[in-house]
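Some structures are shown below for you to check.
Here subunit A shows up in two complexes: once beside subunit B, once beside subunit C.
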Partner chain A sequence: MSPVPPISPMPAEPAGGTAPAVTGGGSTTAGSPSEPDAPGGPGPAAAPHAKPAPRVGRRAEGVWGWLFVSPMVIVLGLFLVLPTLMALWVSLLDWDGQSNPFSGQADFVGLDNYRDLLTQDGLDRTLFATSLRNNFYYVLLTVPLQTVLALGLALIVNQRMLRGRGALRTTFFFPSVTSSIAVSTIFLFLFQGSGAVNTLLSWIGVKGPNWFTDPRGVLSLLLGGLGIVDPNRPAGVLADHSFMGLSWFEWLSGPSVAMCTIIALSVWTTSGTFMLIFLAALQNIPRELEESAAIEGVNRFEMLRHVTLPALRPVLFLVLTLGTIGTWQVFDQVYVMSQGAPGNTTLTPAFLSYSAAFGDADFGQGAAIAFLLLALILTMTGLQRYALRERTARPGRKR
Partner chain B sequence: MVNRTAAAALVTCATLMAATGCSSGFDSGTKTEQDSSSKQHLTVLIASSGDAETKAVKDAAAAYAKESGNTVTVDVAKDINQQLAQSFAGHKPPDAFYVNSDQFANYAKGGSLYPYGDQVKDADDFSEQLRTSFTYDGKLVCLPKDTSTLSLAINTALWKKAGLTDQDYPTTWAQLKTVAAKLTKGKVTGLVTNGEWARLGVFMKEAGGWITDADQTKMTADSTQNAGALTYVQSLLKSGSLKYANQVDTNWGGEALGKGKAAMTIEGNWLTGGMKADYPDVKYTVVPLPEGPSGQGTLAFSQCWGVAQDSAHQAAAVDLVKYLTSSAQQVKNAAAFGVMPSRTSAQAEYAKQNPSAKAWVDASAYAQGPVTIAGFDKVLTQFNTDLAGLATADPKKILADLQRNGEQALAKGE
Partner chain C sequence: MTSKSVRTTNAEPVQTLTAESERTTTTRPVRTRAAKSGRSQGLPVLGRFPVPLRILGYTAVAAVGLLYLMPFAIQLVTGFKTDPDAAAHPLGLIPTTPTTAAYQRLFGLSQAGDGVPFLRWLGNSAFIAVVVTTGRVLFDAMAGYALARLRFPGRTLLFGFIIAVMAVPGIALLIPRFLVLNTFGLFDTYTGMILPLLVDAAGIFIMKQFFESIPREVEEAARVDGAGVFRIFWSVVLPMARPALITLTILSFQGSWNEFTHFLVATQSSQYETLTTGLARLVSGGLGGGTQYPLKLAAALLSTLPVAALFFCFQRYFVQDANAGAVKE
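This part shows the complex of A and B:
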């Protein structure tokens, strides 16, 4: 078994986790929720409702069925289920990666790794809480931005009257096919203190920050600007209370300037992929539907609000889910651009898992972080599904 | 449905067992049997700094192969920490390999390194600080392959422009502060260095403090000496005459020195190669770091030649390492890719060949070796993170956090 760092699959790949990751428990989740939850569509559940065939025939059918899917089952079992279970076991050990974790040479410590991360006051918990905070803001900004941008782009290039549609589609999709490592490196140069971005800003009289070395949270800057809190010396309620080793002020300080550049980068790179998904869905909307709406005399906004968006609901769920999973697993941009610096404000759980495992030879804790991340992603996806569920009882839809 | 679930469970179990059975790399725990034949095949894994180093190591290995009758394959790692971790887990490590000082204690604690220090008769020739760093459980585990120390490098053109002469090279903290302020003008900053313990640590040393005690068994981070050192650094930062390399859009002090953004920097002897490659026209001179309240102080860095506990060729691998760390070979390496020998006897020869590197060679007499404690990587990373914000932070709090985090890591490592 080879532990592979959890290089998070770009959200562009719905089938995601190809890497059998010890530390990347998250990657194993990418497979299941990727199927859009088409309500009312013909699912596998439809088969049992059909009139039952004679018993013998069905059994033979089952055997043949298993035979046909066995290659995939074996591949999935060997490279997905098995490593996940192994990693789960490792997360209960104090394992330094230099012995056999399945022979009792590594100490079984029960839930100690999880306890260090969640309840025990110390560096581990502070770092984990910091990484959660950073990633939370990252998800909070990236997912809505990239979805709205992707939808907007898709609506633009879906117009039949638009000239040069093909060229535009290619252009918008281009960032997604470029290697994220290469793009990250280019961004490093663009956002240098004396880089292109700051030069542009200086033309309009704005002195840009030194993006990648600026650990100040943008919310705290905002609060500081309004004179509510002094960001350098926070006092009062916010500084006196803490949760998981971080003060309320630290929780609320928002993404750092450095994190904002990473957010900009990922919005830019992923929106093309999601644009493609939206575009495919838009072209699936029956023309008659739009035409009849047009005859009714709706304007463009009403068309979007009451015809297009409802038709896109399953795809919207898909895009939001893929976006959430992808953003909670962000690793490669952080690895290339900042490695957690400045001031730990770009530290993410995926990167922390990697550095705990390979930097400190604490593979147990690395695996534990990965599983906490997995639990978090599952919860988020569940919440999203609940929020976007088909509300059949809504009166407006019956018209 | 029950049948189907049962079948699925059965298939999963079968796969699990097959996979566990197949993973031959994972069993054992038994001692590896030693190969005693006269012609053995050795594998070596290195993390090379470039083609020059790769070629030098390969040539040396070939020369050894010719002399001993063994064959040697040298592989270059892309990410040596990860590759070694994987090979240790699979019990199929290379016979000899570079060990980074930040990983040394993790490997030694895990029992992956074969301690061969007692087989090296002239081990005393290696500097004592480095031997301490590569000692685990009272045993010298591996030999430092080379070393580097920190000194003060000065851009001579900027120095003259500020009206300073050779007499003005700073020898005390007060003088450093004065010249740094004098040199800071326009786009030039007096002193530029990375905001991390591996550079700023020299001030802790000069103040008479350090992160741990000499045996690395106790944290001594929250001492008044350390607080004094960080307060001094903070005063330089606040005055603007010291800036971190990333504040002036550079990655390290050498780049700042070469681009003329820094008049002085604190760097090691790798600076020579970097300046020659990127800024061949920039003149600079290297002088010892100024003395602090407790005299001279600097830091030394090194990697060591590890021999695998799981190797079947331990004797031959130790033989190879002895050959590669011999005085003659170290002098050759120094000429080939600019590293400083870790043997005191070879350092004299090195100083003769590279008179401009005298400050670095002399510094190894009083340099502090790297911290090698298992699980300490994150503690020092956190310290670096805190040091990056030193300008506005409370030095005492930074040190108190370091003390606490370090004590936790020490407690966990026991």
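This part shows the complex of A and C:
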């Protein structure tokens, strides 16, 4: 039972078991696992057998290794790698979901599905461009809002003197663990035409819009309210020029009122998760840093600006990256709350891909949209990783 | 705005006796936590704000808290309202004519339960969640252990593959998964619903990280005693991995209970509807024939309960996960 192997000359440290996840602990004393646990590599040739302990042969260990990972390899291979390859093939077909797409019964159309989406004038491209516009505004509003809100909540919960911090943390985090479908149901009820939100608004004398049936873009409403453009009859440059089948005015009209409810929902649900990430980072800020700043006589704002926020920078980028990846995938909320309506203003690429395949039985088109979305998300991730690397590479920079 | 208002509650040297006692009570849990991690001393660095600002801060914090609580409170109350009542008083926190009609319908106690086979949804969700959780915990632990400790050809490559898989956005797999299920004849079966969910890359990653933190001496000792690889894994390492296994169990259960998109594309007939797909159909298709919000909200509430119970019992494991997310990216 004793965890100390008799052969090891001097077991380095008492085996804590709760040690932070660094590499192999005091294991070097044991001799056999001479290679560190870093994901670097197995280093098969690296282990000199300087110890007499009987151990399973290299061969047997290899077999066991593959046995242990075989469920993972099979499941991920069958339901991740293979399907991706199949979908890549289907995205080159005109397939309605009826026949077997791999027997040559479906028409091979080459890159036509992609062409329809990107360059060919027509309904497909207009819809795709619309979905891109909608999701772009969704990301543009959701990511900053949820990040700022999460940071604010983390700062609240991190206050050492605040009573009921634990209860608050629970409250803020709870929406994050519930099902997106259930939460969307609640928001549907809250934002009905004569629902709770509009009742609240009426108390302060505001007549709330009919949230889920209002396709007007908030930006165009704002500009219309200022008298700069007439939202009903846009004119001039904005109406005359178009890109991917949408006029400049349509590109610039902003998220629709209906989309705003989905944005509110997402911000509300995800802020808890990101709050926890920020909170962990806040608690990792060395206290000496804050103390020395306090001795310098900084006020709260300066502390936040020059001590706390710089220390949070890597986590800030993490949250932004995760937020961007997540928001480009918005689907559940759209499915439950609006199905793309009103006027296609809550249509997102993810939902368009689904409805093209399962609604219109155009699986080639749906798969093509999925791959374009995948490329878009991976590009964004890559860009943000790159930016993150740039920032952290300059440790001395103090701003 | 929120952050600013909270900062007012930031605290420090206290003048009044009451405030003094308040300070000691509020800091105690922090102290113990701080002592554990060997970090901060509990007391904040900056001075405390004057009382009026503090009151203002608490008010603001309470308002923000309400913003997070109210939707659930309204959901709970509305489930006990009649349809007209819910429509007329969406904000009312006390039902004018309390009724359990919605719950009776959900549990099939009244004849109007047609179209809402709630118990069937519940059964499907529970069955799938249990199977998927069991499978995930076992397979993720096995794969994590192999990647952390066993040496076999291709290990590095596999680990790189896991990292790559974690970067693939799930939504892009919707149609691909349907294709493979359709081709293998698994579409609209329990097998098709469960199999693809049995392994998840993030879980493997968590387990690998954990196994690497276990000192090797333990395994060496067992090996000296003549235990084989599987024996060591099953009887020595796995019992030590309890905290990680609990975390994984909770996350897997939550994940499979809340899973929606996969079931949406993997099934078609109503007999396979789960709480998520069933509720989604009820809610998104329910535009005609009255709004039935008490019914929908009651169903949503019931479908949230298991995960909520899990959350309140094992909150710290959820917290750990959020931080694991920070590590893995």
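Operating definition for what follows: the second predicted complex is superposed on the first by the 306 of 399 C-alpha atoms of A that agree within 3 Å, B and C clash if a C-alpha of one lies under 4 Å from a C-alpha of the other, contacts with A are read in each partner's own complex, and residues count from 1 in each chain.
Just so we're on the same page, contacts are C-beta pairs under 8 Å (C-beta built on N, C-alpha and C of every residue); 3 or more make two chains touch, one makes a residue touch a chain.
Small disclaimer: the values here were computed from a predicted structure and weren't measured.
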item	value
Partner chain(s) touched by A:T185 [first = subunit B, second = subunit C, both, neither]	second
Contacts of A:T379 with subunit B and subunit C, given as first, second, both or neither	neither
More subunit A residues in contact [subunit B versus subunit C]	C
First (subunit B), second (subunit C), both or neither touched by A:F172	second
Subunit B versus subunit C as contact partner of A:A280, first or second or both or neither	second
Subunit B versus subunit C as contact partner of A:S202, first or second or both or neither	neither
Which superposed partner A:T321 touches (first subunit B, second subunit C, both, neither)	second
Partner chain(s) touched by A:V73 [first = subunit B, second = subunit C, both, neither]	both
Touching partner for A:T119 - first (subunit B), second (subunit C), both, neither	neither
Contacts of A:G366 with subunit B and subunit C, given as first, second, both or neither	second
Subunit A residues contacted in one complex by subunit B, in the other by subunit C	2-3, 5, 62, 66, 73, 78, 82, 97, 100, 102, 192, 194-195, 358
Residue ranges of subunit B touching subunit A (in the complex, touch as defined)	3-4, 7, 11-12, 15-16, 19-20, 23, 26-29, 81-82, 85-86, 88-91, 102-103, 106-107, 109-112, 244, 246-249, 374-379, 381-382, 385, 388-389, 392, 404-405, 408-409
Residue numbers on subunit A that touch subunit B, as the complex places them	1-3, 5, 62, 66, 70, 73-74, 77-78, 81-82, 85, 96-100, 102-103, 105, 122-124, 127, 192-195, 210, 212-213, 215, 232, 340-344, 355-356, 358-362
